[in-house]
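Take a look at the structures below.
Each of the two complexes below includes chain A, the first together with chain B, the second together with chain C.
And now, the complex of A and B:
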């Protein structure tokens, strides 16, 4: 297992190298000049040249890339051309919000999918199962931004239970803990519904798998309490694929928030990339994409590790 | 299809239909699949014949009839420019479906050969190709779309490119793992023994036998592309106005949610129904394209464990 892990960890920088070179190529070989966008049309050639030199835009792309990687290895992500703040500072502002949103979506997905998947597996081919299956089909089909609009229409506009915006602004409509949680509810539900569908389906099928195993019959024959059998013998085994999927999806959630951030005016990583793309703010795009890709890869590695820990049969 | 028929014990269920007809029969027997097929055909019909069956131009501004609710004249109401929402949905379907199709074509054009090569040749080539695919999989799909379309400018080509690139590794992986299995089958060895060249072997015999997982994966790519296109349009990065698109109409409807909820309900409904329809098709294609399931169904009870797949 350890040698496998080391291999994966060595692979990670290599994959990130491919990712960064690709994004670098896309950025540098597309039309649009950040300097021109920033300074506008009325500018002196000197000012333009100075700004270009400051952000090394006067050098060939491979030099830019090597210098960027060199800085990166020293912990320097560069500075935003547009806002003139360090990219690291922007990351420190945005990343916690994106993580909090991903986490809240995850909590929602887990809280809904465990009972739903469990009941669907236990009451297979009854109306409850069909209802659960119907829900997963809906979850797979509805895009998060469309669901967000439905939720806003029902819970914000019609019922006024939840605010439409509020994450990261500090302004809260409710006091105490609820004031912190409340603005996250609708975005989390909109973002996490796809994951509830994925998890429910996964748990249902792995639970059905486990229920058919020999050790279930043994547990029954031993005369164990049905609840003990269900929780200790069945659910614990059925959770193995579930937990690894949890890790993978968490990494994924950070990368797909952009539409949700857009609707709920959340200052997260997705909206930062969106505006950086519009303004051709190269250092911000590079840094943010790198961090998101790294998170995604880490999540996958953690999933593999968890797999090995939970299921002693797995050996790498 | 000869291989499939040969492996099917005819005694179980005497059937002299062709493989295609068998598959279609299986498909239609499933009510959900039939409903999905019906909805999909309806949307395709609407998209193809939109200019002839809907008496409104989706870009025609008529301020005198703006924000009208659903009525006999305007089945889905009108938007803030007085444009007919149904007409916009029908024309938007053209964008969604064509982006979906071209994304599938683009991803398959690269993903299928890569997967075949990787799985069939194996060894070092397999390792290099798959690590490269892994690297592409780490791109958050939507953000890569935002970056490519945002930087290159939005039109059908860039949107297709952006959505297709992230699907290449998905298809390549499915094709590769299916190829790994098929490669070891006796009939491949037999064909090789008969003197078939590698090209013929791979593109005729291997490809034909991995069609069913490939087709299923293609339906998943298709529905994912429709959602992704809508997402990009929603962010203002899809096809540009005045071309109607579901995602952009949804974004515009945000400002009129109180006064004209039909404006956001229409594109939402169209997206959900088309994605659901395609997913239903994919789910049942998985069963109906697999000849072994025809036998299994006849032998065992009607109840077969649902194969689970996640996007």
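And now, the complex of A and C:
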């Protein structure tokens, strides 16, 4: 276990190195010049040259890459061309918000999908199962931005139950803990609905598989109580693929918040990347994508560890 | 009074291709401490018979009917699901065919043993653990205390079957149903398991229904045997009676395809053809299309169970006495 973990953690910087090369090349070889966008067409060549020199954009691209990686190794993510603030400062502001949003979407997905998946598997091929399947189809099909619009219209504008914005603004619309949680509800539902569908389908199919196993017949032949059979004998087995998917999807959720953050005006990583791409703010794009990639990899390592913990047959 | 009485058990399954009569009118009695063999090909209804007694068949698609299933004076058919759960493993235990897949892979052996004790005998965790160690020792698992905390995948097939037996015996049941319990095991392990079953039967007086397609094993272990074909018992009686003086074409056919170690060069004679489709009605003997002993009467009427000798019944029109052993049946 530990040696496996160490091996995975050693691999991580190597993969991240490949990630840096990929991000760097994609950004540099797509059209768009940050200096031009920032200063506009009507500018003096001197000002332009000064800006280029400041952000080392006058160097050949391979030198730019090496200098960037060299800085990274010293913990320096560079500065935003557009805002002139350190990228690390931006990350410190925005990463917690993105993590909180991903976590709330995840909680929503788990709370919905475990009962739904269980009931669908137990009531297989009945109207309850078909209803659950209908819900998951909806979850797979509806784009999260469209769902976000509907949620805002119904729950914010019509019913006034939830605020439209408010995450990261410091202002809360309700007292106490609810004031902290409330603004997250609609974005979490909009962001996590796809995951509820993924998890429900996964749990339903793994549960159906488990229910047909010989050891379930043994559990019945022992005369155990139905709830014990379901929760201990069946669910523990069915959770193995579920938990793995959970960790992977969490890593994924951090990277796909762009549209949701835009709609709900959330100052997270997604909206920062979006404006950085529009402005060709190279250091910001590079730094943020690198961090998202690192989180994705961490989530995968955690998935593997969890896999080993719940399934005693897995030994690393 | 017999320990178990089964009268006219009928188990059916609704499928897309009609109703399959998996068990069609099975009756037998089992005395306290008696060992009964249930033999027949795959699909003859042996396992379904066993699972019907414990009502482990999923209903629907299955449907269990019987004139009577009485265990120790209690009508099992009248029990509610909750009452039935109190009987399972407590009074009637079952061992299944595939030990590799009959234990839960994510729970420790100890947990799987202890939960039965805690459920039925209301033991504390500590008592259940102590008893579990004893049970593992009884079934011959060395270093029982340590192995209790291991998972099924750390056990070999034979060891897992021992664990299954330990679980099945944990509450001292009065009836043990073993469904092909040794089929998946090496012969040496098989012999040890048989020995274990024999010992338990003599020490605890447990009655056993031993389901197998291994006639040799049944001959060595059981007091009496029932031969099943197409969902019915076609012949039954004391082991020596049935195997020395078989009275049904199918029993004889089965014996002819059983190899004997001391008969080198002897050609086995397979039973040609396939078992019948159980979804179709059978107005004649279901074995007729495959029977080498068939006589004219077989094409006219369905034979009924008739008494051949004391306790020995068979449903066959043909006279097979030419194939009987000459020695006196003890």
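Basically, the second predicted complex is superposed on the first by the 299 of 316 C-alpha atoms of A that agree within 3 Å, B and C clash if a C-alpha of one lies under 4 Å from a C-alpha of the other, contacts with A are read in each partner's own complex, and residues count from 1 in each chain.
In this text, contacts are C-beta pairs under 8 Å (C-beta built on N, C-alpha and C of every residue); 3 or more make two chains touch, one makes a residue touch a chain.
No experiment lies behind these values; they were computed from the predicted model shown.
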Assess the superposed three-chain arrangement around chain A: do chain B and chain C clash, or do they fit? fit
Between chain B (first) and chain C (second), which does A:3 come into contact with in this model arrangement: first, second, both, or neither? neither
Of the two partner chains, chain B (first) and chain C (second), which one does A:74 touch, if any: first, second, both, or neither? neither
Partner chain(s) touched by A:138 [first = chain B, second = chain C, both, neither]: first
Quick check for you: in the superposed arrangement, does A:160 touch first (chain B), second (chain C), both or neither? neither
Quick check for you: in the superposed arrangement, does A:263 touch first (chain B), second (chain C), both or neither? first
If touched residues of chain A are counted for chain B and for chain C, the larger one: B
Once the shared chain is lined up, is A:84 touching chain B (first), chain C (second), both, or neither of them? neither
With both complexes superposed on chain A, which partner does A:44 reach: first (chain B), second (chain C), both or neither? neither
Just the number, please: smallest Cα separation between chain B and chain C in the overlaid arrangement, in Å. 5
Shared chain A contacts, counted only where both chain B and chain C touch the same residue: none
Which chain C residues qualify as touching chain A in the complex? 54, 56, 84-90, 93-94, 96, 98, 101-108, 115-116, 119-120, 151, 153, 164, 167
Interfacial residue positions of chain A with respect to chain C in the complex: 213-215, 217-225, 228, 232-233, 236-237, 240, 310-313
Which of the residues in chain B come into contact with chain A in the complex? 131-132, 134-136, 138-143, 146-148, 150-153, 223, 227, 230-231, 234-235, 250, 253-254, 257-258, 261, 264, 267-268, 271-272, 275-276, 279-280, 303, 305-306, 308, 310-311
For a test of understanding, state which residues of chain A touch chain B in their complex under the given definition. 11, 14-16, 18-19, 22-23, 26-27, 30-32, 125, 133, 137-138, 140-143, 145-146, 149-150, 152-153, 157, 194, 198, 201-202, 204-205, 208, 245, 252, 254-256, 258-259, 262-263, 270, 273-274, 277-278, 280, 285, 289, 292-293, 296-297
